[in-house]
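What follows is a pair of complexes built around subunit A, which joins subunit B in one and subunit C in the other.
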Partner chain A sequence: MKMRVTRKEPQLAVAGAGVGDTAATAPVRRRRRMTLSVQRTLEGYFFVSPWVLGFIVFLAWPLFQSFFLSFHELQATSLSDLKFRGIDNYKEAFFIDARFLPRLRDTLQQNLLDVPVIMIFSLFSAILANQKIKGVMGFRAVFFLPLVIGSAQVIQQLFSQGVGGAVLSRGVNVQELAFQYLGPDAASGVEQLLNRLLFVLWKTGVQMLIFLAGLNSVSPVLYEAARVDGATDWDRFWKVTLPLLSPVILVNLVYTIVDSFTDTFNQVLQYIQQTAFAGGFRLGYAASLGWIYFAIVFIILATVVRVTNRYVFYAGERNS
Partner chain B sequence: MAVLARPRSVPRVPVLFGRRIRIQWPSAQYFLLVPLAVFAVLPIVYVISTAFKPLEELLIFPPPFFVRRPTMDNFQDLLLATNALAVPFSRYLFNSVFVTLTTVLLQVLICSMCAYPLSKARGLPGANIVFAMIIAALMFAPQVTRIPQYLVVQKLGMIDTYWALIVPALAYSYGLFMMKQFMDNSVDMALIEAARIDGANEWTIFWRVVMPNVAPAWNTLLIFGFIQQWNDSFSPLVFTRSEAMKTVSVAMISLTNGPATVARLGAQSAAAFLMTAPTIIVFLLRQAKVIQTMAHSGIKA
Partner chain C sequence: MAVVSQQWVQRRPVWLRDTQVFRRRAVTFIQRAFTYIVLIDIAFVFLVPIFYILATSLKTAQDLTDPTIVWIPSGFFWINYPLAFLAMNYPRSLSNSLWISLGSAFGQTVSCAFVGYGFARIRFPGRDLLFALVLFTFLVPPQTIIVPLFILYKNLGWINSYNPFIVPSFFGHGLKGALFVVVFRQFFKTQPWELEEAARIDGASAFATWWRIMLPMSTAAIVVVFLFSVVWHWNDFFEPFIYLNRMEHFTLPMRLSVLSPSLDQVTGGQAGDLFNEALVMAAVFLVILPPLAIYMFTQRFFVESIDRTGLVE
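Then we have the complex of A and B:
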């Protein structure tokens, strides 16, 4: 801020000199400049404060409280009745509760498989949607539609009716064709592949958007240069696109991991919610489950970021 | 030579000899794009076609994809089912619309307001702390904080009011993160300086200079926020008690889980259709603005 203000001074002085007599305005201006920087700071705080206030009251404070709660026993039915339990909640989660660990393992397994698939698929579809061909805008819009209707209610309803991707892919009759021409084994393979594809497609909207933006920020000059040097499309993808895209890949990776681990259909989170609200009303225990889960997600995220960061290529001018 | 003959149809293709394969690129791209697009549209087609299925078709397992004898019965059933609810359906609808719109507009405003100084006044004391808070907040699953959040809402006396549905959702971390990234990238400092020299105050700069320049970002936020709030059934379930404060998404759940679920299958599928319709409309209204300009402003790491 200070730097910026001092840099601006000459401009202001010039403007002032042009308008009035310098002798009279100079001291006034100096005093104003002093208040200006204070005023700017206050204005800055004015802009920041609503979000920060909301953040502290509804996120930061609850977070601290949940950590506190995770060492206590608290029933939602009698909120004043707080009992200290030490690490018993955590012990219970690992050694007594037979429902928590299996769910945790399933969730971890599934998400660790899904994340790379989602990443590769979204990069692939972003590159496709980035081709300069006719009607590509329409395709981009269509690719976002699953995100729009991939909303909890509808998917829940589909699943409750026993509809996975299977029914949806029946809409295009692919399995039957595969069955007729390739035999039953291939057909079930195709079906599984389609189910997976549909599931992934539902989850890639945001990632695709971010990749698309990233692809567009790669300077065409570099492609031009690579082309002149005789690089093929394949070379250009691996040696130009991918390195320049790597910061975006990291952002996307973080987003994908957070997004898939905080998904509402996640078994662990559903179990936590059940413990807290639906069946158990055991707020303290639910809080400790939440913290165990959070710690695991955090470790995964930190590892991924650390490992990936080594391969991320920051071009000099992009550092902000 | 064929390449040289029609360079317009194959833009970005270098005009070089010995690259015959590349002439076929456009068709190959459509070959991949079209199936993907079909898959992307499938769920919507399914939801729409299911909404018009008669009951006997809804009971077939596994359910057929397309409707064979379309009927409007489901919508009538939905009307009947909603008549049986404790509160008229219009009340749920009003709650949903009011809460969603208020939340989303305030969310966009608050996130953008906070992003502006974080992005453009780097020297602001404490700005780094705020940014660190965003990064941390991005990593937390909301479920971890929900229980104490409930306690806070209760302490503030907001339970069973619209406040409880609106206020806790306003400080949206992703929203702030995204707005800041976009402002870093697509608002030139020179533009702000120019406005300042012209005597504009910070609010005018924010509203007249910065916000129009990040229109794709806040439109995206608008769409995301709308989808999220419209479908959110957690806050109304937990933060409100009386039936008059519940939203459509909660009404949907009570329709789905209520007694006589099989008889209401038709009503459910009609409701699923009606539930998605607003989000699709909002998306279609705003998406052109987002997608077209998105590519040019870009999010940077």
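Then we have the complex of A and C:
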């Protein structure tokens, strides 16, 4: 990146000075070079201005307002009646509301389970879909199906009819086996896992796409070299693929966490929605719940990124 | 006998004569077979729900309660489809869904390509900070800001219209807008500088360079972003339910949640007899049919997008 820019700058300066300028004297040229960098800046702002405008109107301002609202009492039925509550909303969420914290705990627990499953499964299927064998494109097309029809409503209808664990454990009473050999705790865990597994697998489309792109960008030369040095497939996965893929894994991890925490089935989010719109109409309280949730997600993400970043291997140019 | 086997021993294929070759081929074969088995297994997980939807939608009420009938219904009981079609007010909801998803997808594609180009190719002070803000946008759960947004749209009179979806999308926001900005930025970063430089030296403005040189080059990224945007908006559920609260404005997936009452309305109070799982599945199939059809024709782009957009560079 840096290289390119230094190569580019002088060329453009010449280009700028040459454009429609017949009597260019030395001081004028210096002034023009100034205006050129100003011009580049203006161009930059011109290009990102729609986004910045949208950011202010559709994100920053609502975010600030929701922060403001979280210290107030506001009923959806009378929008002009704003009462200051201080941190009472937050106190209520943590100490009075018996429904918020259990939901929050459930959501955290569930995502703790889901995120690794999604990551491992999508990496696994991406590696499989990246094999150079016949018909692999057809399999890829099938693997992306969840992306296309994974509508929350559609999935909900399917799962309310029991298409979850039943499909995966067809013919084998996994629950009973787990109960017999692993005890009741494990049995309920296995049951939960099976019921969620299909559901979770249906959310791997984007992750697999990103992993496939990452696998594609690993240079075959490295595999060649590893093979010459006598590495087995197993070695090659752990010592070539995985390190080179680690930046992609981080990207995917962030995407997966964000995606799972903003999922439509998320209990906390459903509760916030209920508080605000269905039945509750308590906009101020909903805003404070939203902020608590956002803060927690943000902390989790920051921690994950910090911890993971230590293990990420950036090969030379890839880190731009 | 002895002669025959002697001949065979001499003429048998290489992989039977040489143990090393045999071992290598056997290993490859087993690996291949194993790969295919696992691939088929995974494909099964994704295909089974579709088969299930189709099979169930064609069942009669008796078939549904019969435990011996799982995959193959006793007959071709297609009456559920016209019923679901009527109950969902299909033409109206389809047009709602199409307006929202195509309109927003168009807005996001244009605006994110524009903004993404700025982030990828032009150096200006504050660029990295702004890009960090783009990433930040992606992290904010929509539920955190839904209340002020709802009030804003209500004041603008946008409730029960397509505006809450389409207008933000033209500013590079809306559903996963930040992600699309990132995709376009990554894409433009991988493009060669030469054409652009030539255009600039010939006196093209930055906008002209983007519009006439870069955009025509980025068909792959445009198609991918557009398709993803259409599909995600089609399946989106949370925001439509907040901003649209009259049945006539409902999108197709939203119709599924009010299927029973609207069937009651359509049939004049007979939903009790007609409403069952088969009907729900027929409705589900009608909902996923348009994106499925789009995917059939464009799956090439999804599948190849990996190589073309340089998503990871």
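Just so we're on the same page, the second predicted complex is superposed on the first by the 242 of 320 C-alpha atoms of A that agree within 3 Å, B and C clash if a C-alpha of one lies under 4 Å from a C-alpha of the other, contacts with A are read in each partner's own complex, and residues count from 1 in each chain.
Heads up, the rule we're going with is that a residue touches a chain if its C-beta (ideal position, glycine included) is under 8 Å from a C-beta of that chain, and two chains touch if they have at least 3 such contacts.
Just so it is clear, the structure is predicted and the values come from calculations on it, not from any experiment.
Subunit B and subunit C, once both complexes are superposed via subunit A, clash. Of the two partner chains placed around the shared chain by superposition, subunit B is the only one that A:Arg227 touches, whereas subunit C remains out of contact.
Legend: residue contacts after superposition of the two complexes on their common chain; A:Leu250 is shown touching subunit B, with no touch to subunit C.
Look at A:Gly214: by the touch rule set out above, it reaches both subunit B and subunit C.
Legend: residue contacts after superposition of the two complexes on their common chain; A:Ala287 is shown touching both subunit B and subunit C. When the two structures are aligned on the shared chain, A:Lys132 is found in touch with subunit B, with no touch to subunit C. When both complexes are overlaid on chain A, the residue A:Ile299 reaches neither subunit B nor subunit C.
Comparing the two interfaces of subunit A, the one with subunit B and the one with subunit C have residues 4, 8, 11-12, 15, 40-41, 43-45, 47-48, 50-55, 57-59, 61-63, 65-66, 69, 79, 125, 128-129, 131, 133, 136-137, 139-154, 157-158, 161, 163, 167-168, 198, 201-202, 209-210, 212-214, 216-217, 247-248, 251, 258, 261-262, 269, 272-273, 276-277, 283, 286-287, 290-291, 293-294, 297-298, 301, 318, 320 in common.
Interface residues of subunit C facing subunit A in the complex, by the touch rule stated above, are 32, 35-36, 38-39, 42-43, 45-50, 52-53, 56, 111, 114-115, 117-119, 122-125, 127, 130, 133-134, 137-152, 154, 168, 170-174, 177, 181, 189, 193, 197, 200-201, 203, 206-207, 210, 228, 231, 234-235, 237-238, 242, 253-254, 256-257, 277, 280-281, 284, 287-288, 291-292, 294-295, 299, 302-303, 305-307, 309-313. On the subunit A side of its complex with subunit B, the touching residues are 1-4, 8, 11-12, 15, 40-41, 43-45, 47-48, 50-55, 57-63, 65-66, 69, 79, 125, 128-133, 136-137, 139-158, 160-163, 166-172, 197-198, 201-202, 206, 209-210, 212-214, 216-217, 227, 233, 247-248, 250-251, 254, 258, 261-262, 269, 272-273, 276-277, 283, 286-287, 290-291, 293-294, 297-298, 301, 312, 318, 320. Those residues of subunit B that touch subunit A in the shared complex are 11-12, 14, 22, 26, 29-30, 32-33, 36-47, 58, 61-66, 110-111, 113-114, 116-118, 121-127, 130, 133, 137-149, 151-152, 154, 167-168, 170-171, 173, 176, 184, 193, 196-197, 202, 206, 220, 223-224, 227, 230-231, 233-234, 237-238, 249, 252, 256, 265, 268-269, 272, 275-276, 279-280, 283, 287-288, 291-292, 294-301. Subunit A makes touch with subunit C in their complex at residues 4-5, 8, 11-12, 15, 19-20, 40-41, 43-48, 50-55, 57-59, 61-63, 65-66, 69, 79, 125, 128-129, 131, 133, 136-137, 139-154, 157-158, 161, 163, 167-168, 198, 201-202, 209-210, 212-214, 216-217, 247-248, 251, 258, 261-262, 264, 269, 272-273, 276-277, 283, 286-287, 290-291, 293-294, 297-298, 301, 318, 320.
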